Structure formats: structure tokens, C-alpha cells
């Protein structure tokens, strides 16, 4: 259904798995309309012709810079989940948007709102607790252990603990088996479970005298980035210039 | 061990169960020293004689106002977990501290840091999720269901959802048994489990497309208020005047 | 890959969503080979022509009886997840297999191994605990609350408690909100959570002095019946006659 | 309250922490009566004089054998949680009870019913799942990692997997940090969390296509052995001779 004041949204790579999920999300939301999908061999001018306001780009490092140059030049906002943004690329995008006031570009490595909130809450909670550990649990086809998110979460906790000047965590372990206590990231123990049937899950555990606080994030399927993309689409018009990280739009 | 720059802390009701736990906490912390305990029939002047800087009061509504009048008048900070603070009482304490610049009084209904953080995080997360429910789990001797904390948490979530203009939560339930979907607080379903072996636990569940976020708080024993009391003791000297709620000292 | 001693498996309704998952499972398992799929308008004789040993039937109550009559008559084992088996239908199938010694038919309402084990363990554990409650958590498109599995689990627990002559569960709840304590199935409280992002999950909680035991089952996607179907396929050749319920093949 | 047909129970070491909890449990149960406590320097004949039927012994390896010789000789059943039972000691006790038909002795290393059930269920479930891992979580004063119970649970799972001829667990981990994947007991990964605020907790996770099963045991305080002791007290009269392990009385 097309509604007058809805945000007009185009999608790059709309026929891929990720693109299809984004198109479906845009079509299902009450305040966004899908205009056009542009895939390999299609012309970017379709976005201009369709009066598209925001384009979502989850494509490939090889093509994303060309896409962004075109979109910004044509006054179209962009919400970007494509990877490979080096400092040089970021600087280049910043230059483009500076030359085109009013246009917004969001580049974010992670659109899963639950993961972003988990990390934010972990960072806030860390300084109040004696102990902190991270358990991440994934499907057994995952190559790295711990996960990037778990490693990053542990770094944030370790930094918050250091800044607050907390004492070292108590740990009387004196005998045992190698690896039982997990990997260390800063002073935070991180444990990686690999289990058939799981998708992507993480628990951050905090403890102090007589109580614990656990922040758990469960990704049940591969479309969990869609609500975050829609959040970016809704906010980008009000945030001209370059923004890095979806958390910037979340007023946390 | 007495250290020169440690905070000198006295305890009202030091021989009761709660008081004993506070004394033990003050003695165990590296930056606080226990000065003196004052119980029924003891004189409050012991706090003055012992050069006490902060007094902790977990006593009774019948005596707490007399205690506070004395402490403020004598330039001693107070950290108060006693209940029964009506608007009138709050106003009276505010008057006393206004007359004695530099003295701080903290009055808080809840010193469990994990519970305070749970509520804060729930409030922050609520506007990003399609659905939210609360499950609280307690020992079977508890008289009220849901717990006060669960009810308050659900109210905060409902208010945050309303403020963000979220759509009603999806729920296709059309057949079933009375009570299966729990109690409603605002638009938030709340479930109360009563189980032998449990102490006091709460889960706040948030869900959106493909992912969930769970914030769980477990109180394992009755001393879980001690770290919060110590936090209050450390901060009160830097917060003259009346403060209501420990979260005010947590920079959240 | 076709291996000499592998079990030769055909699939009814092979082009439907469920059928496709079963075909994929049969093809992926090292000890089973997929022979042929038979869908609407195809002839059942394809199973005979392909020398199929076991046929899996997840079709429709309207056609399953015709399928079974043909399969048993032709000496082909059947593993059946189709619903609608009344006592009359069961009796009819029993008659067919009695006339054809050596042929096995398994009819089961539930092929999720984790759900079957959850119920079995709950039944075993119930008599050792003072308290028991059930929490089931599902996607918000579910029509019934509590779920059929949760209701059945609670019935099994209530029956085990009654048989063991346990005292009533302690519960001091005297004030509160309607529904907070959930629905009652026998003497077991059952709570139903409906949350976007969830699939199908259940927790059975048991408690006694100082300890709790929790049995949690998570179905993450709609293919969780496949391992149970493969278990049925492997066992049916060694279990001639009619078997009702996959647990009969699990030696619990 | 003393009731005619109640079991008359005496307690060795009744003034210690553990003994006090046992006395309180015996007094609170509706079907047992506490007769007498015998501590250091008291005479064992108090059990005979008080017509005690069952004595509970949670004392010390140095004295337990003398206690048992006396109890068996006097026709009194014994429920024993004291440690240090070597094969020689077991053989000696077996000799004593053989000479005194009708008298029962239970010796058990673990009286936490939830822990016993967890291990039993883990053993039963193991052969049905592609993957299994164990997470144990304890207070930070614990010296060994993993816990003895976690190690034993992993051994039981590994043995059940081997007996069922399961394929190796899938695990694509190729890069990461040392220890992230935990310790290996047989082919089962075991993870140890040490966190302030925790007591003693364990999760056994099983996974297969699309589903997981989790068995979680939480010991919230040090009295969680009491229900198991009472179970032993109730059953010992009907089980003459020597029994090793409380699970023998649980008909699992």
C-alpha cells in the first residue's frame, strides 16, 4: 500500500537473500513504501526516476563506494550495511556528504538492535559488579571463537572496569583442566559454545554479593537485522551528514 | 583495618539481621571503616563521639525521623533504606538538610543494584521492540503476585511504549485457559512463578523480528542490598542535600 | 550417495514444505537413501517400483488411510506424522498390519525429540520436588494458550505428583492481579508468553529446599522434526506391527 | 510434633552447620521425628536408649567407621553423607550388614536430588543429539575447574555417545583465542564460570537440527542436600543391606 507521507525506500541487491528480507520489511512496515530494487546490471538512475528518498545498501565492498557517490550526488539518503569501510573510505564518504548539505549516510557494522543494546547495557553495568563473564553460543559451522561480538563486548566491559578502577575479579581456581575457564579478553573470561540447533546467542553475566544480572541476546534467524534497517531508514532523513553506528540513532 | 582516608561509617540497628550484614560489608570493604553500632536504648551521640561521617539506617518508620533529625543536625550524612517515606516526611527531611548545607541524605526503596539496572535497561530497551513481557519468580512464602518490582518494571515499559507511539503488541490468542497469559499491567503481560528453592528472580523479555533480548536479575540471598549500601556510602559525601533513589548516584 | 546397506526411503507429499525438509534430511543422513517422492496425482506404485523400504507420510487426514492401506499391503514400512488418528483409525491400521506380519507402522503426534524427552524427564522428576510450574513461550501468531505440549506436560506432572501422594504445593499468594499466577492444569501452574521473535520454547521448573531443576526445550525452526523422523525410519524395520508414539523407540 | 508411625531419626554431628540443617529438616517433615543428636564426646548409646530407627551421619572419615559398626550391630539403619569411602571401607561395611540381616546402610557422595536427576537425564538424552556441552557456574572461591559434578556429567555423556556410536560433534572452529572452546572431557566441551553472587549451578546443553534441550540445576544454598537425606531416611528401612548412591532409591 502506498501512503502519501510514507518514506520512499529503494533497495540495492534486492534479489539476494538479504535484499529480499529488506524489501519484505519495507513493504510490511506501515510507514515505508518500497520503490524499486537495483541489482547487478541495473541502472542506479532507477532510484532517481522513482523519486526514492532512502536507499538501503547491503551489497559488496567492490561496488558500495560507487553506489554511495551516485546516491549522495543525487540527494538520496543511504543506509549501509556493506562491510569493508576503512578510514580512507569513511573520509571519502564524509567529503561527499559535506559537499551535499542535507543528505544523510548511515554506515553500521551491526543492525541487530538486541546486540547493540546488549553491548550498551554491558558497558553501563560493568562498573557496578565484582565479576563479569561472557558466554556466546552459536551453530557449529562458525569458524571463529569467540565471536566478534563477544570479543567486542568483553573489551567494552574490561575498559569500563579499568576506568572505574575496580579491583581484579576474585577467582580462586588453582587446579583444573586447560581451557575450562575460557579465553581472556582483557580481564574478562569469554566462553564459546558450539551446538547443533543453535543460531546466534550471547549471555553477559555480572555478579556481586548475593545477586547476579544477566543480559541475554538471542538471534533466532537471519532476518534479525530488518528492524534495525527500518530504524535507520526512519532516522536518516533527520540526521544529515555521515553517521557511523546505528547506536547513534538510538538516544541511549 | 582502619585506614586514614577511609570513610567512617556507623550503623543503626546493627544487631539485627540486616544491620549485621551491613556491618560485615563495611568491615570487608577496603575503603570504609566501621565506627559504632547504635541499637534500641543506645544513644545516638555515639556517632558524634566516634567521629562518624556516614550512618546507615535500615530501621523502622517509627524511629527513622528522629534518627535523621539528629544526624543532619550533627552534620552526619545518612544512607536510609527504612520504608514509610510519605511526601510529608520527604518534605520534612528536605527542610532539615536545607538548613544544614553540605550534609547529604539518601533515601532509597531499593538497594539491589541488579534490580535498579534491570528496571533502567528495561525502560531504555522498551521502545525498540514489538513485544515485552515480564516473568518474576519467587519463593512460595511471598504474599503478593506480581511482585512490586515486576509491577513497577511493567509500568515503566508500558510508559516507554506509549511515549514512543508503538503499535499494540501482536497476540493471536483466541482459545485457552484463564490466566495462562498472565496479568496485565498497562499493556504488558506479567507472570508470577512461586517455587520452593527460589529466592527472588525476574526476567524481562523483549522481542522483535528474528531476535529477543532478555534481562534477568537473580537475588540469591538476603544480603544483596550490601553493595548498593556501600555505593550510597561512597557517594553521599559528594551529594549534599536530599537524594531519593540510588539510581541518582549511578550516572545511568 | 547411494550405499548398498542404506535404508531406502520414499516420501509422501515430498514437494510441500515439510516434505522437502524430510527429503533433505534423508539425503543428508549417511545411512538413508531417498528413492522417490509421491505427491498429489502421482501413483503410489512408484514406491514399489523403486524398491522403497520405508515411506514417510506427513500428508493429510483425507488421504493418509489410503496411503497406509497400500503401503502395508505392499510390505512397505510407514513412519506417519499426519494427524487425525481416531481410535477407529488406529484399530483399522492395527488390523492391516496384523494381516501382514513383519511390516511396521509408526504413528506419532510429535517427532521433536527434545519435546518428547522434556515430557519424559518432567514425569520422572515430578515426584521428587515440592513445587513444579511450566512456562511456555511462543511466537505471537499462536492461537491457543497454553500450548498443547505445555498442557500435556502439566497433566503428566500432576499425575506423577498424585501417584506419589505429594502434599499440595506451598503458595502463600494472598493479594495480586488476576492471572498473575497463570492457568491451573491439575495442581500445576502454567504460564504462556507470546513474543515477537520467538519460535517455540518451554521451561519446566521444579523446586525443593535450596535447589531447582529446569528442563528447557527450544525449537528454533520448523525442521526440528527431522531427526525424530530419521530415528523412526531407522527403528521401524525392527518393530513390526503398529507403534503409537516415537518414545516407544527411545528405550527411555 | 511426635506422631505414632513416624520414622524416629537421630543425627550424628547435630551441632555442626550441616547437622543443624538435617535436624531442622527432620523436625519439619510430617513423617519423621527427631530423637537425639550425638556430637563429639556424647555416647552412641543415646540412639539405642531413644529407640531411634535411622541415624544420619555427615561427620568425618576418622569417626564414621566406628559409628557404622555400632549402628549396624544395634540394628539401627544409617544414611551416610560422610566422605572417604574406599573400596576397603565399603567391603567392611558390607560384611557388617551381611551379619545383621534387615539392617540397611546408604552411603552416597551426593544428596542433591537435582544434581542426581541432571546427571541421569543427561545420560539418557545424550544418544539422541548431535552435540552436547556442559557449562558449570560457581562462586569464585571454588578451587577446581571444572567442578567434579561437571566432569562426571561430561564423562557420562561421552560414554553414552560412544556406546551409541554417534559421529563426532560438528565444530568448524578454525581461528580464535586459547581456551574459548573450554576444556575437553572425552569429546564433551566443558566451560567453568566463576562469578561473585553465584552459589552452584550447572547447564547441560544438547542440540540437534532445529532444536536444543537444556537441563539446568541451581543450588541456591547449602541446605539443598536435606530433601535427599529425607528421601534416604524414608527408603532405607525397605532396603536392607548396603546401598551406594541415592539414585538407587529413586527408581529412575
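The letters A, B, C and D name the chains in turn, as written, and every chain counts its residues from 1.
Operating definition for what follows: contacts are C-beta pairs under 8 Å (C-beta built on N, C-alpha and C of every residue); 3 or more make two chains touch, one makes a residue touch a chain.
All values reported here derive from a predicted model rather than from experimental measurement.
Novice: Taking CA centroids for every chain, report which one is farthest away from chain A.
Specialist: For chain A, the chain whose C-alpha mean is farthest off is D.
Novice: Count the C-beta contact pairs for A-D and for C-D, then tell me which is higher.
Specialist: Of A-D and C-D, more C-beta pairs in contact link A-D.
Novice: As a quick test, compute the distance in whole Å between the mean CA positions of chain B and chain D.
Specialist: Chain centres of chain B and chain D, defined by C-alpha means, are spaced 38 Å apart.
Novice: Mind checking the centre-to-centre distance between chain C and chain D? Centres are C-alpha means, answer in whole Å.
Specialist: Chain centroid spacing, chain C to chain D, equals 33 Å.
Novice: Could you put a whole-Å number on the gap between the CA centroids of chain A and chain D?
Specialist: The mean C-alpha positions of chain A and chain D differ by 46 Å.
Novice: By residue number and range, which residues of chain A touch two or more other chains?
Specialist: 129-130, 197-198, 206, 208-212, 218, 220-221, 224
Novice: Tell me the shape of the graph of touching chains, choosing from line, ring, star, complete and other.
Specialist: Graph shape here is complete: every pair of chains touches.
Novice: So in the complex, which bits of chain D are touching chain A?
Specialist: By the definition above, chain D touches chain A via 129-133, 135, 137, 140-146, 151, 169-185, 189-198, 205-212.
Novice: In the complex formed with chain D, which residues of chain B make contact?
Specialist: Touching chain D: residues 197-199, 218, 220-221, 224 of chain B.
Novice: Quick one: in the complex, what on chain B touches chain A?
Specialist: My answer: residues 25, 30, 112-115, 117-118, 121, 124-125, 128-130, 167, 206, 208-227, 231, 250, 252.
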